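Could you have a look at this structure, given as structure tokens, before my questions?
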């Protein structure tokens, strides 16, 4: 397995290499998401993992430079971009409690009058996107600009085929958006909102890109260029929401096994934060029944076990 | 406000003093639980806070030596005692995901065939007690022995008036127990189980007692006498479950504000863990609408803000 | 109160007159639906009631010739029109059980995988409209033709202002339609379907028109012109669904008080069937908290009490 | 198939004979309830059907004189006995709407604060029994006296083996009772209540017995001895509740197919009422997945089709 590195300080590289080897010997990778063709076509044996240190050093193992579909991972960045602009008023429109229900459920939304439980279930991400759209008139464009700047990769882009597929199979998200609109919790036209939302989900990026882009959460709110995106308190808030709500209906299990703030996507990627120390991104397309990458969770579990870097 | 100390190293004492002073100036303390007389009678202006360092040093402010009703805080210890005996098999009978519903809800239990979501909702604690009872024939006695040993306070005891009140108003817990029994998830006679359960909840202890008794979770599983109760991995698991599920339906909010594994009780107490560093217990009887101590959450929020000791 | 009649045999006219007088003396009429302006503007003191005998004789009291917004009453006719074409296959796409939930709830729909409980909750009516649309390419037009033919009133028409208002406030129905589409239970484009659906709901008709149009259900499936729309068994089925599901979450109460198959609309109208004997329509815009006309239910209650014509 | 008759006017006997012959040729009878041994042991090929005319004439086909376990059928009589004593106040403690959920569900009970939806789900029957117990101090004894008097069969009795089995497997009902007690909707001690409830369910009676005992509902409230149990309006109410709620989660389907007020039990019996005309009881132990007798529903369906006696 080829190892590429970009700078000289690679504290965790031996750990990554050991993990990659172990994962390579592990059968059973789950199945890629199959609701859109572009995801279903990925090879479940693919695996990559990257670490970004606080100073922007990034290195990895396996296919850590291979772009994949970020999907729900972008919900973290959209949340941060809106929170930076709007502050605590956001929390009147979306909660920060675990949902206890599948990520696209309408049940809880109905019982709680159109206020989604947290920003990482689809309903909550739609609300966050809607509010960022109101404030910027181009939520997806803002996201893309941010990811490019933080990763230092100007080639990052939307995958229009993926976005088109999402739209074609977007009835569930359309239902969520109209439902919240019926409670007055969506400001923009639903068609416009869904277009913004599906484009965000479609961004293709690599483990290297995403580990770097997540760096501001390990640096307590500071961007790659040294400017502040979030206050220290806000960065702590985003990490807390990631830990309690970041992996769909398996957040408790993830906290229990991995013990780090993390966010997964159905493209098979997972980002994770060691506050004050580093960020990680792992990718393998095969998912468990809850929508999280099988090899990805296993790799992060090994990482915190081997390094003792769990927050617990 | 009188300060009592027991040993010489009191790193966080100035912080506690500052917090106590701030809390003293803050109006609005919520209302004590009113479903049983012994809780309703407590003065919502009461406040105490203690820190226990890893070596057993304990100190505090306010009424940190005053016994109060531990209530759901004991769920942490019962969980640890059963996990130490049973290991991972326990997790086939109780989940470790946040519930997204009030702590005594039957709804989720029905949808998930009698398997409670986590050990800290009442249904889950009943299952843990049932399993500890099967293994020890005296779950409540085991709990009391453990608390006495860890706190070094042999005077700790059940409050029989509280236990009797709980039993008299225990229809909801009886419903939960019978309901799970109908799914085959309770082994003991329901009457026996409820007696054990209500006695556990009735234990009276002070902030000092509870901060000390929680120490094994900061020491990665090691008891006060240096013997091991839990493996390092199990201690991490209990901390993870506390962070994601420890404060009823406000776990996300608690993680967001405090950022530490914690467990609250309707007696107004909250324990919290700074892994590898120290444990805390705060007490003030006035509760918010979710059942957590108003001044207790505020004090812990200030503690992590002032010390930077949040896990995030 | 002026009485108009159209033919000579008016068996129930004295009963209607007595009811109208009693209703006239009764204060408390509920409140008109207020979610669209055209409904909110109606006077809750308005009242009309008509009886149509099997031979097409129709007579009434009060404002029985005044057109009002039919709303959900049209669900009965759309159901009959599709059932006549499709037969029992329809019941694979919509159930015929009471819902036990408010008429526009998404909860049950989610637990039952996109199959609505019955044709009279909004989700079920959307499915029926979708299927009639697939078979006729103009579901709303078919409905209008049918109502004109049965009532003998060629002036019956859609109320375009009402349809436009429904569309403007149609997020909840859009959510329902997209949600069912995500389960594969909607064939047509959601925008097309909603247009058809809202036009149906907008039809304006009088008590006389609707009592006549309902006649086929009292004649065991035979239309006004003597041709058969439904088999005897199908007519019985529609009546059974009306009795168990026709008045939102108050079907049990309606069966208990009135004891006739009936269907209400938020415009304040209610149709009812005495199988083999006659049909009724009553209208008064003030609604109770479950969406049924207060004076309408009271009038039908009195009718079955005075005539002994309840099915029980 | 032997036919026994007791008096001279047997209007529907030829219809019963035809139905018995058809049923005899029909394979597929479902499976007996298996949660207690006494029910599981019954032969699913057993079949009996009886008609009782208004004057007390009773006749039948098949095993119409064979006693079977009445189970939930007794809920009708308990309801009538309490309603006769308590009147409309009962309806403040139990609703009369279909449940839309399985008969022993706790979900709806929780959302509606401990008020069961109707008297025929288990929770509702527990409330009715509790109230009758408060008024008579022997609810089960009152029921037995009533059934003996109406059927003219002094040998009718509880089946103590069945009652003991129900108690042994009674956790779900204990959960329901405690849960409602927690809302203040149960007056008696739960242990006493459950004993009364399970004894009621255990009564063994034949089709002949039950058809006769149901007669007061066809006679608009008049008992076999000519005295009045219920007002005409109350009898209508009970029939309405039977039609909308009498067959668990299949009430809509039963109304649609049979079109008569009816009540089933998991012993395989079903009673039905043709108001003003006659009563029926059919029995065959094999159940469908909703808990209703397969041959029983089929026989009643044929009866209303052949006689045209559906209420619709």
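Worth pointing out:
All chains are identified by letter, namely A, B, C and D, in their written order; residue positions are counted from 1 within each chain.
Convention: a contact is a pair of C-beta atoms (placed from the backbone, for glycine too) under 8 Å apart; a residue touches a chain by one contact, two chains touch by 3 or more.
Protein names from UniProt, one per chain: A, B, C, D = Glutaminase.
Just so it is clear, the structure is predicted and the values come from calculations on it, not from any experiment.
Touch-path distance (fewest steps) from chain B to chain D is 1. Chain centres computed from CA atoms place B at the largest separation from chain C.
Chain centres here are Cα means. That of chain C falls 32 Å from that of chain D. Separation between the centroids of chain B and chain C, computed from CA atoms only, is 56 Å. Here the spacing of chain A and chain C, counted between their Cα centres, is 49 Å.
In chain C, no residue touches at least two other chains. Here the touching chains pair up as A-B, A-C, B-D, C-D. For chain B in complex with chain D, the residues that touch the partner chain are 105-107, 110-111, 171-172, 174-179, 181-182, 190. On chain B, the positions that touch chain A within their shared complex are 95-101, 108, 117-118, 233, 235-237, 239-241, 243-245, 249-253, 255-256, 259, 261, 275, 305, 310-312.
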